[in-house]
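Here it is: the structure, laid out below.
Every chain is named by a letter (A, B, C and D) in the order it is written, and numbering of its residues begins at 1.
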Amino acid sequence: MIWQLDLAILTLVVVCAIAAISVKDLLGSAILFGAYSFMMCLLWAIMGAVDVAFTEASVGAGVSTVFFVAAVFRSTRRTKD
Amino acid sequence: MSQHYPALLVIVPLLSALLISAAGWLNKRLCFPIAVAALSVASFSSVGLLFRVLDEKVVLYKLGGWSPPWGIAYSVDYLNGLVLVVVSVVALLNLIATQRSVEQEFSEKIGAFYTLYILFVTGLLGIVVTGDAFNLYVLLEIASLTGYGLIAMGEDRAPLATLNYLYMGTIGASFGDRVSLYCNRFA
Amino acid sequence: MSDLIPFIIAKYNYWIFITLMMIGMYAMIAKNNLVKKIVGMNIFQTAIILFYVSIGAKKGATIPILEHAHGDAHGAVSHTVEVAHYINPLPHVLMLTAIVVSVATLGVALALAINVYNRHKTLEEDEIIDQIKGI
Amino acid sequence: MKIIALAIVILSGGLLLYATQDFPSWADPASPASMHVSPHYLQKSMEETSVPNVVTAVLADYRGFDTMFETTVIFCAGVACFMLLRISRQTPEDRYYRHISTGVTIHIKGGGKIPDKSKEFERIDTMWTPFDLVIKTVCRFLIPFIQLFALYVIAHGHHSPGGGFQGGVIFGASIILLAISHNLRIATKRMREKLVGLLCVTGVFIYAGTGALCLLMGLNFLDYGALAPLLHVDPVEARSLGILIVEVGVGIAVMATMIWIYNNVSSAGKYDEGL
């Protein structure tokens, strides 16, 4: 566990989360959410939770993002906030 | 068989929900009889369990053969036994009473409907019978997910209302998740 | 200053967990778009998972896979396992469950959002409520 | 609304921040969470289950009942998505076809169609028309390797990170990749809806059935030690094999459900045109 890396990624995670909920485009929001999930996965890998990190990489960053993109594709990209 | 009543109570509805789902793809007429049979067995074992509880006060069932701090155990006392009987019997009566209207409304998706209904009852029975906080969270999720599926089939404002219910249910379950941490310190 | 860094390291994870949780909660309360709310819900759940994993972390320990020679996988561990050398595995197990539950919830939530969109042709909550009141 | 939300969030955040004072500091080996039951798992899992990956041992054996319901949650989500979105009766819609040899696109209005078996025309999605050789070829090469990796992850969960969930999701993702890179109709021709639904059931059934078999063999539900006479090994080895069987079941269920949810969400229940 390298605490400098940990701190940096923790900060990036917050940036990604704020960006994901404030960007005015749902597709962008979905992709930023994927980035957020991947950062989270890195964080857990650093903490030694390899199984959780593996699951998050495949479920959170992979399949969830695909579901979001599919749902946005079937509905609309437009959003007011 | 009587020492396995706590397990049967949850397992029989679960297995038959799977059978109903398979029957929904292969032969739709089998769905309703399987559902009735499953809930009958569940009611029967809940009544049997109630009598055992009256004899022994607290019934403990170790799943996987591991004792509680390390594994999961079911514990049933008087109140649990009574609630189990109420839930399973009411679910059975409700299933039989609504047969005709369900068949009219969901003629295509009848297998999916009965699967969700039986899984919902499984979740409720499990919540009552379980003695482990994290297991309760998982069963709560089963009950709520099937609940969302069933509620959203209603009229025009049902999906939006269900979505709002889903947000609140998720916040509640997540906090419940944290409560489980404090309850049993990861036990 | 030299006291500050260990203090920050000791608690920074928890601060970030609370920040993320509040971001998710704010998105769920204040955002108007249904998909944005779902994103917020997922951030909320991930924050809880981060909290659990942080609790299980141990300084100077390795991942919870025991050392074993090939062939003696059958309980014949000659040395006793030093607990301090391995990270606490229990939070990982619980959070594996939580991640899978969260993706299941996500699937149902998106299905509901598409269902709402098919009926009202919009994802903005206020417009949908106006449409429902107008009927 | 936003100001109220902000106030609520800041208030509860402040309360939680106040509570962090009492937490053990990060990565403290002596934190209460690491002292209560986890030492037992770390010390005993090897001799009781003969699985070196403690996470797998706890997931599928000590707390196997949780995992069974977790698989059921996934199954519930698949059924709920099907229930919410699937539309079986199709309204006639416009279709687009591409003439394969020349690349000319034709647009047929109001439900008319060219037979699917036609060799000269192929159906294309209304929103995604360009034909991309590079993507299709690369994905066709890549998919078998992804699937092989998924099987490795499922089978090697005892000794390395991985297991039924991760492997199942990766396997499902390979089929989803096929649906994205080609189109949904080709993917559903490989994995028909009925097959996906039945595989979902089979996966959960393998898990719950293994548990029920243990019950029939005379021990408690999910006590894999009861399988020892059937597998001709001693009880500890039987636990390890039982975990493997269960992981395969989880893998099948998760794979099928991911495909099922994707198909329903990406085509809004019509199974016609995907992402």
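Remarks
Keep in mind that, in the parts below, a residue touches a chain if its C-beta (ideal position, glycine included) is under 8 Å from a C-beta of that chain, and two chains touch if they have at least 3 such contacts.
Quick caveat: nothing in here was measured; it's all calculated off a predicted structure.
In terms of C-beta pairs in contact, the better-connected of the chain pairs B-C and C-D is C-D. For the pair subunit B and subunit C, the distance between C-alpha centroids works out to 26 Å. Between the CA-based centres of subunit C and subunit D the separation comes to 17 Å, rounded to the whole angstrom. Centroids of subunit A and subunit B (each the mean of its C-alpha atoms) stand 33 Å apart.
For the pair subunit A and subunit C, the distance between mean C-alpha positions equals 11 Å.
Residue positions of subunit B with contacts to 2 or more other chains are 134, 138, 141, 145, 148-149, 152, 159, 181, 186. Residue positions of subunit A with contacts to 2 or more other chains are 1, 47, 50-51, 55, 59, 63, 67, 70-71, 74. Within subunit C, contacts with two or more other chains are made by residues 9, 12-13, 19, 25-26, 54-59, 61, 63-65, 90-92, 96-97, 100-101, 103-105, 107-108, 110, 112-115. Every pair of chains in contact is given here: A-C, A-D, B-C, B-D, C-D. Interface residues of subunit A facing subunit C in the complex, by the touch rule stated above, are 1, 3, 6-7, 10-11, 13-14, 17-18, 20-21, 26, 29-30, 33, 36-37, 40, 43-44, 47-52, 55-56, 59-60, 63-64, 67-68, 70-72, 74-76, 78-81. Within the complex formed with subunit B, the subunit C residues making contact are 25, 28, 34, 37, 41, 44-45, 48, 51-52, 55, 90-91, 94, 97-98, 101, 104-105, 108-109, 112-113, 115-116, 119, 125, 128-129, 132, 135.
Those residues of subunit D that touch subunit B in the complex are listed here as 32-33, 36-38, 40-41, 61-66, 69-70, 72-73, 75-77, 79-80, 82-84, 86, 88, 194, 197-198, 200-201, 204-205, 208-209, 211-212, 215, 219-225.
Residues of subunit C touching subunit D in their complex: 9-15, 18-19, 21-22, 25-26, 29-30, 54-61, 63-68, 73-75, 77, 80-81, 83-84, 86, 88-93, 96-97, 100-101, 103-105, 107-108, 110-112, 114-115, 118.
Here subunit C touches subunit A in the complex through residues 8-9, 12-13, 16, 19-20, 23-24, 26-27, 31-33, 35-36, 38-40, 42-43, 46, 49-50, 53-54, 56-59, 61-65, 87, 91-92, 95-96, 99-100, 103, 106-107, 110, 113-114, 117, 122-124, going by the rule given at the top.
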